[in-house]
Amino acid sequence: MSAGADRGFTAAEMMVVASARQLAGERVCFVGVGPPNIACNLARRTVAPDLELVYESGVYGARPARLPLSIGDPTLVTGSTLVAGQFELFAYFLQGGLVDVGFLGASQVDRFGNINTTVIGPYGRPAVRLPGSGGACEIAINARKVFVIMRQSRRSFVERLDFATSPGHLGGRRPAHWPGRGPSVVVTDLGIYRFAPDGEMELASLHPGVSLRQAREATGWELRVAQDLEETPPPTEEELRIIREELDPEGIYTR
Amino acid sequence: MSAGADRGFTAAEMMVVASARQLAGERVCFVGVGPPNIACNLARRTVAPDLELVYESGVYGARPARLPLSIGDPTLVTGSTLVAGQFELFAYFLQGGLVDVGFLGASQVDRFGNINTTVIGPYGRPAVRLPGSGGACEIAINARKVFVIMRQSRRSFVERLDFATSPGHLGGRRPAHWPGRGPSVVVTDLGIYRFAPDGEMELASLHPGVSLRQAREATGWELRVAQDLEETPPPTEEELRIIREELDPEGIYTR
Amino acid sequence: MTASKVTTMREAVAELVRDGDTVAIEGFTHLICFAAGHEIIRQRRRDLTLCRLTPDVIYDQMVAAGVARKLVFSWLGNPGVGSLHAVRRRVERADPEPLELEEYSHFGMVCRYVAGAARLPFFPLRSYEASDLPRANPRIVPVRSPYGDEVVYAVPPLKPDVAIVHAQRADAEGNAQLWGILGCQREAAFAAERVIVVCEELVDSEVIRRDPNRTAIPGLLVSAVVVEPRGCHPSYAQGYYDRDNRFYLEWDRISRDPERLQAWLEEWVYGLASHAEYVEKLGPERWKELEPGEAWSDPVNYGRYA
Amino acid sequence: MTASKVTTMREAVAELVRDGDTVAIEGFTHLICFAAGHEIIRQRRRDLTLCRLTPDVIYDQMVAAGVARKLVFSWLGNPGVGSLHAVRRRVERADPEPLELEEYSHFGMVCRYVAGAARLPFFPLRSYEASDLPRANPRIVPVRSPYGDEVVYAVPPLKPDVAIVHAQRADAEGNAQLWGILGCQREAAFAAERVIVVCEELVDSEVIRRDPNRTAIPGLLVSAVVVEPRGCHPSYAQGYYDRDNRFYLEWDRISRDPERLQAWLEEWVYGLASHAEYVEKLGPERWKELEPGEAWSDPVNYGRYA
């Protein structure tokens, strides 16, 4: 059941819209496929027209003629500005410091924005073997900011990670010499979370129809709430139209 | 005055021909322009038809339509098999161990085949500032074998180098972990020199019309001479024809 | 000049892929040579160590067929769909047998190939600090910069026994040209002991020579050239056919059930003699769906310098 | 989408090249942007640190004009001809003033750009053991592999304040495509603080987008785009004009005599307002001699995936 369904939009749509709005004023975004891809393309049509997407597959300045179903979809290549090999992509674009925002998903996140995408259970004999880092570990360290987009529950918002794949604010503070400043926002199907100066996540905004109690119950630690807790403005007609007509007509990621 | 001039060929022609013959059976040669380039192309037309040339400029499988006047001549590119960036060239082709023979010139060489192309005189305030390493230092270390081709005199065949730019057999023995086995032959305008098991150069062959005395006088140390000292067979009609008609018609490098 | 290296996939795999080998069939979503993976299954190779950034469905199939004892990788999944179920069964429940994992991040894997290709003893990168990955994989170690105190991480070189690279076109010597997503095929090829180039089209060397900047792999490295049109399905070859996303979705269902998976292998791999039969079995309608429109690059002038 | 960055060479140099900067005008024999070097001379920049693998005639001219206090390089010469006489006078006799040298090998210089581009604190390579170069340049230091005892050498990152890259074609955002000899322009551009792209032809972004694999430099890096046809003379642009070997030979004579050299600078640099005037002064006959024939690549199909 989705938080805002009775309001004429799905929780996934709210999550994508809220993520897209975070991209206002950003320039270069390192993006994987799925919800982040839709959020970025929505942002380009709304709050961030100059946003440039760098795909993990090495494609820069993509102009997809259809919704790409993977980050390696051929539609990303045709008509793009540049295709680089993966050494150049990771060494020069990402580690080289050209990426303003890196979008990460997560199976588990802790209060400091550290992320697990590797295993549930012990590493040697996991209950669930997850995909692993992919490029997430380097994105987490090298992108100027990191946006996390994920479904929220007590199983995903955890007191202690089973495995730290990609560092967030560690125990509260990142090493000064790191290029990136770490996670700046976590957008879930329930709300928007930001990070206090001490590196701990706090609830900044609840999506329409979501109660503070729901958010607390879906968090595996004593949730900190911002003084000025807001309600996320619902998706506009235009935002929903773009998602439903242009970006995800089959509702693969947003139904 | 050139050793074999009265015999109908120049010392430079003899040097190129003798170098070309050394390439018999070799597969991949890393080459600069000038005499080495002519020697390699002569070898391809005579003793080493399968010889592949890798130019320092990143061109592989060149098929020049004219005599290239520099290693970056555009005629090397058009119709070649592959053009690589210089990182790929030095990292993958050369350091990666694909090069069988590296051709080096030298301003000074010592009895162990160590080479100076940097300075004559003290480094800080040289009497003559030479070009420096270019790729010679990496060629000397990474090519399976090194061929040295140079004019010989007491100023170039020296007891002690003013500067060791590119290592040969060091003091007689190369570190075992080095990929390359070091200089295997030095071809000059006077003769052909090989290296004994103890790493010291010895005169293996004198060019036609060159006396042992001449060679000794043009060497800055007590020259070692092979038991079976040979006389270099003079250039054949065919070798001279190829050089004069095809490879260096204007005699830029071989007159 | 050099003799032709053109052979069949059967010959190439029989001669160049050996039990116990470390094998890299690279390609980031694009140009993944499923045809080679299927032939390796068909020839029942054993104890292979399979390297890829993204093991993908091809390695799920190879793992299910029992050819692999170990994976070296950085992202384990069915891109855009979900899990690799055969791999998960072996990792989570040793079903039917354990599978060894050696795990990096994408950039770590890329750097391993670069170090292998460049014969470097290690390659430095800025990933891994404060991650549990170095604890899970002791081959990822810190290295101090010789300039001051800065510490970064290092990965060791990866030198596969065999790299299998699929290209849009190659000549008989194995000079290969790729376009679209490049992944790290070039680095894997330079790092490998033996290289099999598989191509959509065998072209005259003159085609290669008319655009030398597009040549990714020199024939110099290549042991065998296999002409296998549509050899990447359900992956794709830019400009030749589309990614068959439908199959990636189907595989999720097929691979959840070990028996259904084995039945699929029987029908589509063991039961067929070659990739040509696979292409035919898939049928013209399916291929029609996967046919892209045209989008041509402009020619560039290299100039005649005579 | 982004605003045009197209400007004049005068504007670009005035705005982006500052006294005391570390400047890289790269290009290995090919695509050396003499037009930029001449404009830097014309604007009388001072105390520049000039980086190039092969300083070449352009840096001899800049050194003679007094814009440089230091060279960072790996091969110092007039390719195929001989010496750089102005450089040698300053190095051998401090005439008219000393010139500082920071010297590497070619691969060392390339690795410095790669480290700069990748924000690595050092880059490892197998050169330099048993060479006097590390003694001559203490920035070349040994580094021990974290895997066992093997020792290789390291070079530090090079991050120029400005990189000037000449391309055959670029769009108004600075997305640049190069073919022919590539040198390490891409690495230098990614390593630099500011990038000036100079091009033979300004093209519509659609031309770039029809062949994205040929794009070496993303506009993302680029501060200014200068359209300067024939801007590389006496160097060359593959497919556009030939290397003017005659000039390289002439320079040997010109540069042996300081007065003659200064007279040349007066006539060909200070005395001209722009590279357009230089091109005109050189005259149509000379350009005719340098015009290559045609040798076109074949187009490749990227495919339409809609």
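Labels for the chains are A, B, C and D, by order of writing; each one numbers its residues from 1.
Basically, contacts are C-beta pairs under 8 Å (C-beta built on N, C-alpha and C of every residue); 3 or more make two chains touch, one makes a residue touch a chain.
Predicted, not measured: the structure shown is a model, and the values here were computed from it.
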Where chain B and chain D overlap in contact partners, by chain label: C
If every chain is reduced to the average of its C-alpha atoms, which one ends up farthest from chain C? B
Quick check: more C-beta contact pairs in A-C or A-D? A-C
Could you grab the centroid distance between chain A and chain C? Build each centroid from C-alpha atoms only and quote it in angstrom. 29
Counting only Cα atoms for the centres, state how far chain C is from chain D in Å. 37
Return the distance between the CA-based centres of chain A and chain B, expressed in whole Å. 58
Inter-centroid spacing, chain D versus chain A (mean Cα positions, whole Å): 40
Touching at least 2 other chains, the residues of chain B are 59, 73-74, 77-79, 83, 91, 95, 179
The positions of chain D in contact with two or more other chains are 114, 119-120, 125-126, 150, 179-180, 182, 186-187, 210, 213, 238, 242, 292, 295, 302-306
Which chains touch? The pairs are A-C, A-D, B-C, B-D, C-D
Under the definition above, what is the set of chain A residues touching chain C in their complex? 33-34, 56-59, 69-74, 77-79, 83-87, 90-91, 94-95, 118, 123, 125-138, 141-142, 163-167, 170, 175, 177-179
For chain A, which residues are in contact with chain D within the complex? 28, 49-50, 52, 59-61, 63, 65-66, 73-75, 77-83, 88, 91-92, 95-98, 179
Show which residues of chain C lie in contact with chain A when the two form their complex. 28-30, 53-54, 73-77, 79-80, 83, 87-88, 91-92, 103-108, 110-111, 114, 125-133, 136, 150, 179-184, 186-187, 236, 238, 242-243, 245, 292, 295
State the interface residues of chain C toward chain D in the complex, per the touch definition above. 119-126, 141-143, 145-148, 150, 152, 154, 156, 168, 177, 179-180, 182, 207, 210-211, 213-214, 238-240, 242, 292-306
Contact set on chain D toward chain A in their complex: 1-2, 114, 117-120, 175, 186-187, 190, 205, 208-210, 212-213, 215, 218-221, 302-306
